[in-house]
Amino acid sequence: MDRLKKIEEGFFRVLMFCSTVLIAITLFLIIFSILYKGLPSISWEMISQVPKGGFYFGKEGGILNAIVGSLYLSFGSTFLAAIFGLPLALFMNVHLIRHKKLVNGIRYVLDLLWGVPSIVYGAFGFAIMVYLGIRASLLAGIITVTLFIIPIMVRSIDEVLKPVPRGLLEASLSLGSTRSETSYRVFFKQTLPGIITAVMLSFGRAIGDAASILFTAGYTDYIPTSLHQQTATLPLSIFFQLSSPIPEVQQRAYASALVLIFIILVISILSRLLTRKYQRNQINF
Amino acid sequence: MMENVKIRIKDLNLYFGKQHILKNINVEIPEKKITVIMGPSGCGKTTLMKSLNRLTDLNPDARLSGSIFIDGEDILHTSEDITKIRKMMGLLAQRPYPLPMNIYNNIAYGLRISGRKNKRFLDRRIEHYLRQVNLWDEVKDRLRDPAGALSIGQQQRLCLARGLAVDPEIILADEPTSALDPISSQTIEEKFLELKSNYTIVLVTHILRQAKRIADHVVFMYLGEVVEQGTAREIFENPREDKTKSYLKGLFY
Amino acid sequence: MSKVSLTRAVRFKRIQVSRHLRDKMNSAWMLFTMVIVVVMPLILLIGLYLKSAMLLNQHSIFHLLFSKEWKPLSGEFGFFPFIVSSVWVTVVALLISAPVCLLTSIHLTQYAKKWVLSIMHPVIDMLAGIPSVIFGVWGILVIVPAIGNYVAPFFGKTVSGYSILAGAIVLSIMIIPFILNILIEIFKTIPVELSEASLSLGASKWQTIKFVLVKKAFPGIVSAFGLGMSRAFGETIAVLMVVGNVTQIPTGVFQPGYPLPALIANNYGEMLSVPLYDSALMLAALILFVVVLVFNFASRLLIVRYERHF
């Protein structure tokens, strides 16, 4: 009886350990296979040039249009989302501190919005575009992605602001500062590292998403020079190149995937470094 | 000096990481008496009690050295199954923590774990232990209700019954009345006075009056060290150490 | 002397006025952002509904959901094959990821040493941060050939590998970090005293986990899986790349399928040139939105209720 129980526990412990290892191995497998396929075909030409004639048949050129387009798109939408999201997160945690039910209601809505698939945002953005008579453009893409990352940004900043003790709010108010001064000068400063991480997270989501910009941002071989032009993006360039039957073009898809992973990695490392740098201004409780 | 020593703690040291929590503890706990461990909060009372049934194992940073003899066997260096040692000691926590199941199963749990699954036997034992903590009449019609639906005082008595049901020899109680109303607290205290004829009871408390009401033997701790120990009469009427004296006068908590 | 103090007072007052004006403006903007976000789900719902209303006026919703005919050129829009594909992919993905997540979360919260945690924490974060198109690339590189060359032949089938199973495997990996994070959070909120109570009754650690912790966490576990499913249901690009995209009602995991999000993504190009096509695709988006909303709503309700029990 006792031995049977020991065997059962041992069995499950092995199983649990294996499933943990499996997750780690899968991550390394993903990164390894992208590296393995992407490294041989990446070159300076790839990342420094826009597509030339015959690019999609395996001729010369690169994916600079997609890299720059993605950066434009992500910076634009992250910026817009921050203008929108930061005040909202502060509002929830400073102004509405006594209305717990309302704040929890907003959190609930935000979580719902976070769960909405990006393709739905894409379809919605497209519906609006048709309604307003706008064509696919960098601007339309930015607006759609902004809608998509606002809930992510607000909830992440909210999680950073939540643990700030109430005493800090009371201290600031009792010194005679207004509530928005308290928001921006005290709460914002106190939690800056966390907020930067939250913004970076949203940026990562923005640059990696394909479904929301499929209808709205269009695709072009040139680097856009105004908000009303179409723009290429990295995820879509990977997607399109991979659907090509020509091996050289597929190779480029792997290289583009490598570039995208590299950007994501840089963001995550950068946010960790910045977090460390700004830690000085933070009071530890 | 003592007729029957149930637990003897010898040179016990405990570290959490680099923090030295318990320092050279040497304590003797008499059989079938109520031993009260008291002292200001943060002095290590609860940790000392939890090391008695090795719940400190749950913390991966905890390191224990020294010995704890129970009936002469060192439970820190034993080949005996740890679950058997723990079963020997019932635990009553600061707040009641009913298991996430109904009232009946809360008590049946420990019995089933040790292989007693006969329905008639379980029914009998459960009634017996619920009566023993004066809970039977209050819950006999709703044994299938979730235990969380009971009042806090009832939950704590249920937890006591749950602990008694596995037939322990020792009861470890960690400020068991701190979350309770005065009447429920009194019931628990009375139960302890009844139970001490059959069980060795170790009670952690920072309520001085509670200690005076029910203690037979007192261990006074301060900052991880045992300052003084002896019979309740010795400690309360004639303390030797200055720290004990000022604590008893209420100069610090 | 008095003049100096007068100007100082005036200046002070001016600063006060501008400070409070700024406060008012800031607060107004904050209020505005809040209102927008709160009505956002409604706006999405109405926007998608208005666009799909044209199709809904011509066919009953029941007919659209359960008809098997998908012939946009002759005005036949039956969503059944796509809905069935979506359900297949989602359910199989959950069947793969649920046990892995449950076992791993128990391992990480109950057994794992510090160094394991210090490795697994960034691993989970990175897995969550990988863009879905990368998962798609990896699926094409590794999963699809693995199924086509090894798994399917093992079961005696000859297929290309682009299949429900490939989509489900890729999806399951994508939702693992999501479900895992919720589960870890849930196991962490269970007070250690509950384990102590069970242990001191003579239960072993495994018995404590099996009979007490998992039971206590049960509502949370169910809602974590519900949220994971809704996440899987709407995932587009990665699935689209490996699932085959054949309009048929799949009857097994080795067959290709065509889930709803893939339908939307694949046909946006033609949708304006065929009558009612755009309306049909917007209806597909609406169906996705409503299903995800219902799943989210139910799961979060469960989680909120469960948190209240503590």
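For clarity, chains are labelled A, B and C in written order, and residue numbers in each chain start from 1.
In this text, contacts are C-beta pairs under 8 Å (C-beta built on N, C-alpha and C of every residue); 3 or more make two chains touch, one makes a residue touch a chain.
Since the model is a prediction, treat every value here as computed from it, not as a measurement.
Across the two candidate interfaces, B-C and A-C, the one carrying more C-beta contacts is A-C. Central chain (C-alpha centroid nearest the global protein C-alpha centroid): C. Chain centres here are Cα means. That of subunit A falls 52 Å from that of subunit B. The mean-CA centres of subunit B and subunit C are about 47 angstrom from one another, to the nearest whole unit. Between the Cα centres of subunit A and subunit C there is a gap of 15 Å. Multi-chain contact residues of subunit B (touching two or more other chains): none found. Those residues of subunit C in touch with two or more other chains are numbered 204, 207.
Partner subunit C is touched in their complex by these residues of subunit A: 5, 8-9, 12-13, 15-17, 19-20, 22-24, 26-27, 29-30, 33-34, 37, 84-85, 87-88, 90-92, 95, 105-106, 108-113, 115-124, 126-128, 130, 147, 150-151, 154, 178-181, 183-184, 201, 204, 207-211, 214-215, 235, 238-239, 242, 253-254, 257, 260-261, 264, 268. Across the complex, subunit B meets subunit C through its residues 50, 53, 55, 58, 60, 83-84, 86-87, 89-91, 93-95, 97, 99-101, 109-110, 113-114, 148, 159, 162-163, 166, 172. Residue ranges on subunit C touching subunit A, taken from their complex, read 19-20, 22-23, 26-27, 29-31, 33-34, 36-38, 40-41, 44, 47-48, 50-51, 99-100, 103-104, 106-108, 111-112, 116, 119-120, 123-127, 129-138, 140-142, 173, 176, 180, 204-207, 227, 230-231, 233-237, 241, 261, 264-265, 268, 278, 281-282, 284-285, 288-289, 292-293, 295-297, 300, 304.
Every residue of subunit C that touches subunit B in the complex is listed here, in rising order: 113-114, 191-204, 207, 211-212, 215-216, 309.
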